[in-house]
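Comments concern the structure below.
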């Protein structure tokens, strides 16, 4: 049972540019993270783009959707910036019916030591294996359906839009 | 929806004793790990014991079973040394029917930087939320039923005893 | 034999703001770094300011100079952003004759795991104990006199302005 | 001005064996540490042995002495286990007059995240550049002459044998 990981950038993969003192994208850290987690799943990793999710265009989202559609694997994890993760989840969720797609990300770049990235990745890969077909956001131990989630920007957390429980 | 975490020690929580150059147990790292993962689940953590799983006795296992039975939460994660994780899973699995119990651990102590612990913890907490009642072992992205798993000591990995797939 | 550490900010102490995805200053990491290095020196730490050295004003530099002058300890380490470390070294070096002042910093924030900060701190504290009175810049194993050093911004390294050797 | 680093093992280079849950030696971490410290010194690294210093024999010590004698570089750093670092320093110190030899080590393996190794390495390389010919032990910011140092095993620290100050 194989899983596809689609990489789109986001905080997950940001790095520190020593020469300019700024944050930027170079290569994805996914292979390193899977190796650190000693991940024994059959995983196919594909870098779709490497962007800050605030810079993600409609075309970018269509590209991610296309990649999910074409994926031979039924179980898909998408790494994504948290700022517009909900928008992308909405597009994927409203279209894809026959696969389990789990979007995840990180509040702190993986390269920065204090990152939640490894925890979230382990979590997303597990939800992808067990949840029914549909699109979800997995962050910080919790899992939300695409049509019942928003990012609370003041607190920096994801939460349900309704009062009901997130995972059931 | 709350989750109970029962801590029993194992590689997860081993530390390096600077004075003697040996490995030992002091305090659990679970709270630190949940904090690093920015875990937003309602979690109750209980340290049942702090032992190397090779030193775990039948009485110790009965104690873990008792703690699972008495747990008010239906979803339970047990951190455990990998060497005898399968034995404990067998005891819990053969008795507990009305809860989802997920045992997890680490190949490398969390304190040692290169640990798979955070990945496994994120994974175990997710499996505990989504799998049907029963007892499971979650390690390195994969999840095994208690009656279909063994530790391959040469490779240091968990695998199914039968030829069938591990999860579902 | 005590050493004074004057903290001025710089890359050393930058942190990642989870809510806004930007770099900022909160508290200094010096106590944590001294603790990690199990530093057994008698050290007095003073936070003079917490600024990006590109934002450092002439008044800021005068304040640092004043703190060096008033220091009861003869051996002083100043943590400083690398961008204008040379300017500050020039001011201190042209005035202070009766103390050993060593400026140091980091190419990557200490909080980001891949930092050279701990290495540089160990180095600066050692140079401060052994070099004759004067002002120096200690970065990445090397030590430069205040009047024979520049930052090469393309390479992100410090180098002598003359062709002679840096430390002798 | 080049520095020679002689590697002999010790806590510095211990690793965790995932299969057996024990500590062992594989490769030295020195190149990785120099890279993390962005060390810009001209350094020649030589692995003389990889042993726990409790297992070091008289022959081993003679070999280290021989390597110091033959070193074309005047400035030498020796990485060494802390348990018998003082014995080796005594041998080197009683023989070598025309070079500066600095022994250093770590209280916690470099691979374990919470290590003082990087701090000590930065420190030792700096003392090697600035101290007069002779043999020294540099640990945790302090530097001791070979004939005035002992390891306090209860506290896990190095200290002078006399009541005088440690560095010069």
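Order of writing sets the chain letters: A, B, C and D. Residues in each chain are counted from 1.
Convention: contacts are C-beta pairs under 8 Å (C-beta built on N, C-alpha and C of every residue); 3 or more make two chains touch, one makes a residue touch a chain.
From a predicted model like this one, the values you see are computed outputs, not experimental measurements.
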item	value
Reference subunit D; chain at largest CA-centroid distance	A
Distance from the mean Cα position of subunit D to that of subunit B, given in whole angstrom	39
Distance from the mean Cα position of subunit D to that of subunit A, given in whole angstrom	45
Interchain centroid distance [CA atoms averaged], subunit A/subunit B, Å	25
Residues of subunit C whose C-beta touches two or more other chains	107, 114
Pairwise touch network: line, ring, star, complete, or other	ring
Those chain pairs that satisfy the touch definition	A-B, A-C, B-D, C-D
Subunit B residues within the subunit A interface of the complex	1, 33, 36-41, 43, 107, 114-116, 118-127, 129-131, 138-143, 157-158, 165-168
Residues of subunit A defined as touching subunit C within the complex	11, 14, 16, 18-19, 21-23, 52, 83, 107-109, 111-114, 153-154, 156
